[in-house]
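Below is a structure I'd like to ask you about.
By written order: A, B, C, D, E and F. Residues from 1 in each chain.
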């Protein structure tokens, strides 16, 4: 797979994005999402088995799982097979699920479970935001595949699009879409999830053994808004006439 | 234990706080922290065994663990004994640890591990912010107990205080320090960790199957800043002459 | 919490006992039980979900769980979160459950599960006997809270009270209610659980890499009987008019 | 294997005992111990790897593990393979280990670990007491096999023999050596471990949802002493000139 | 147990086999199977609880579990109690189950589960093939015990017998029925499972950090066929009039 | 990713193979291997940490792990995160590791661990043989990347190539390279691993609730040999001048 080229970037520039829908066939939605060298295979699988606490209510659920393949990093990352997910994995997959559900109309989905699996094939920073942005596309494709079976076929189960991006403070500068090296050097790291219409879904800003001031926060939020707008355009382009929003 | 009284509160008012230092004797720091009916026992234990990845570097580490006792809620909460921490527990204890380390001078601590255990005896909303605010006090007491054994006794291993509070959008209003019922009804929930000098350590804002706009964010941050200032005064009062900052 | 004073004790004297009922509010029964520095929070939670092997028989069940908080000892005790309870924890919680059930009328309880959680806040010897003696009080309070919902409100689901105490051989002497230092030095350690009417529920006597003779056994049993009588009076005093026995 | 015959027994009579030493060859000691239909394979394995907390002290350790084969009961018993030993298994193997160590001279053993495995091939009540009585014989054979390698070959690492038996109250009568049916019907169940010289190692008496009085206790202890004396004679006969005591 | 004698064997000679049916009584079938020093207790237990995926179809299931007792080897083998079966154990018990099911008429069994437990009391090579050959005998005895309760008593639920044997390349020679020392020295190791009528059920040939040629394969298969024929005669002799085949 | 076309195949024809080397960059070897719709990402990671039992011997080790992504099948396959690998996974990853080691010169590798991870992105039968055939290519690429650091750069650590293919009996016919539907319908399923020079590494033939005769075996082996020859040519083509054999 010819990797998307790595050029010197301006601090407010996204890494090049490459999207391949229907990368595999077994899952209803399957998107290979690449931002720079970060590569995530996002699949969305549909099941009639909703979680037991939701059964019989006529509503659906969307959940997500996240994992990094062992070969996605150097040195190799051990598999999480010992029955204990590390905290980072748990946090990320909860974030992905919450972000997708924030724009979902779970009643319009009917009694169905959609599981969005985000498996990182190569990790170079921003795997969680790539998972959200790419997972949203896989979700759209999965929803189209069951469109006729929905309770009300005219009512699409999503009300807005979702994209995510990271921003941070690196060596005193405010930087968009950090790669691994930038992330490792950042004093503040913030992940922002927003809708295509510009509303916040989630803000997570963390001082990495550091703290930050009001105006740092303001600059990072501004840059994140710009990045999300650009990602929304890219998503729209990738989906073409499958884009379900006005 | 006579519970701190539950009065009708204004949206910008904290719940009554009650602090009992040296609640138990075995741990170097032991604080029973109560905010309304939320009650957390925070202990700080000192050990010479730093994590293996830190050994031999002359630096210390501060970590945290969080747990809810089964009887802290009704209905009873099952113990997390099956080797799988739920995601919420993992997220919270990572947040507490990061927050305390953000103001720590780990070199000044020497090669030591301090573990801050936050065990929730009763849960009525805001247990993670109570754990941070109370855990900070237990940490201070533990640090004073080893003050003479520090590498440089004149250099206290913390550079600022830490407190945390929740804010949210409940029924259209912006509310400070949500109790369980308010939290369950909130459309947006935000936890803010700040230092006594007013810098951010962590912002985590989440739309609960909902989204929020720029001005919602601004109002919540303003209320959080006020709450943190008041909590910092309460912490200062509880520590008296043990307050290590100017 | 001002600790109950530690005075020099005679070998046949109990440590000072302090009991605070309704220490927390979420659980139906909640007792902070203190014997010397040993402090246990005992809560009793009521549920309609009996174990599956008991379902549909119209009878109830009483079970117990025991745990030591990490900060209850120095050095700090690791949490039992890896899915493997150590043998000591398992033995103790089985003993607490058996002891409480020995005086219970499980048919009079109706199809209900009562879980007595004994969480040790500070450990200075005798945590299992404190858990039984204090757990009995939490159980009583929980039963009173559901008294009107019982199958036959006039038939209280307990037929006798329960208390427990340790005795041992320390440096040749027979000693009552061993604290941690005495327990570590004992050649024989015996835990005795009895009813308020003076019948045995459980006797567990163990030579600690040692053996003991018939007359050692006799002296220890005699001392235990005295201790249990005194503890029963203390329990009765703490419950006042809630004491359900003649 | 022709089972030892099951005849009507008097309440103070042991079940027939059958002992086969060197039942297998891989382990240093290997005894097939049969009491009535209860059949336990006890092996004792010697290793130079003492537990880490004992390393470098020149002393040894004796530990025990207990397990029931799935086919040992009807209905079949599931294997304990899920990483969670049930409480009963844990209690029993701790009891076996403590009982054998009570007569051991661990310094005379040198820096060695002896593991006594008690695997129940068929279970008909009294498996823990059979494990102790048979495990003692396997331990003796293992010790003889390393006798020349001991720090002081003239100092045998055991100072007394160990045997165990159950007693109980069944339908108002005091009964020795309960089989499964008697055990299931007993209101009080007591396991007694004693040395060949008549000293107690362990007493565990439990009212099974029942209580017992002083004179019940006395009668049970008397019967247990008789049973232990008889078992000690049987052990002595099985070992012949290998019996290391006067 | 007097071990079957170990004589010098020819490469095409089986180790001496000793079979004791009804070794224990709790399980419906119980066979102590010995090949040289390798000793396996095979029990077959009958239950009405078929696996959930088979429920309600009127068909039965046969499954197997395999385990080595800790004392079966020197040095002692740790128990697999940590919730993770090693790969070898998993492979072996799946092989045993598949082999027995290959000759089973699961509809003729009715809605029943038969579990064949193969517990290795002593291991000297060939424990998996001994488990299959001995487990088949335990299965036969268990089936006879329920013969009258079968859906069609005239239709025995097995259509052929099963036996297994190992062959290998050791020091250039083709050898039958490898003991532990031969197995450790083999460059190729092959396990063959066949029916009494001479059809293959399973062939597993593995180069041990080595490879093998066509004619090696042919010689090994020929030797295996001879071994299986002899084992089938031994099985037939052990069962006598219980042999259900022509 | 445009899938390799699925045409009607003759029984002795392989599915179309597609190979993309350097699919990701973090791992030293990374091959996307596709046989029909079966797609496996094989990465080979190099580490200086050999398993502890091999440390200090100057020799290396090659191991493999196998996993199916949840979205690789419909319905979705749950992740094996509960600490218990299912037996199939364990068998497959042991087989892959053994197969690669059979042609390896572990001394020529130096004290290094190479881990070959085979993650199935889409599963349509034959995932284990695809993993071996593709994993071999990733291994070659990883070895070339460290060629200069080998103990003896002129001595390549592999002596032959490895490929694997399945054969089976489907509806009476002998078929090569079974896809999922054929595999589900097969009465006999055999996996054969061979070297490029035509020697066997592993043969695993299993009657699926069925048995097979000598001539069935012969026909399957013949078809497998042909398939392996063709796969070896394809491997050679994909590696070009990187093919290290004559």
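Quick notes on this one:
Keep this in mind: a residue touches a chain if its C-beta (ideal position, glycine included) is under 8 Å from a C-beta of that chain, and two chains touch if they have at least 3 such contacts.
Worth saying up front: this structure is predicted, and the values here are computed from it rather than measured.
Chains making contact with chain B as well as with chain C: none in this assembly.
Traced through touching neighbours, the fewest hops from chain D to chain F number 2. Using the mean of the Cα atoms as each chain's centre, the chain most removed from chain C is F.
Looking across A-F, A-B or E-F, the pair that copies the B-C interface, with over half of its contact pairs the same by residue number, is A-F.
By the residue-number overlap criterion, the interface of chain A with chain B counts as same, with over half of its numbers used by both chains. Each chain gets a centre from the mean of its Cα atoms; the one farthest from the centre of chain E is B.
Mean C-alpha position of chain C lies 51 Å from that of chain E.
If you average the Cα atoms of chain D and of chain E, the two centres end up 32 Å apart.
Counting partner chains per residue, chain A shows two or more touched chains at residues 83-85. Chains in contact form a single ring whose order, set by starting at chain E and proceeding to chain F, is E, F, A, B, C, D.
Of all residues in chain E, only 83-85, 87, 90-91, 93-94, 98, 101-104, 160, 190, 195, 199-207, 209-214, 216-217, 221 touch chain F in the complex they form.
Listed in rising order, the residues of chain F touching chain A in the complex are 1, 3, 20, 22-28, 30, 32, 37, 39, 41, 43-45, 47, 65, 67, 69-76, 79-85, 115, 117, 119, 121-123.
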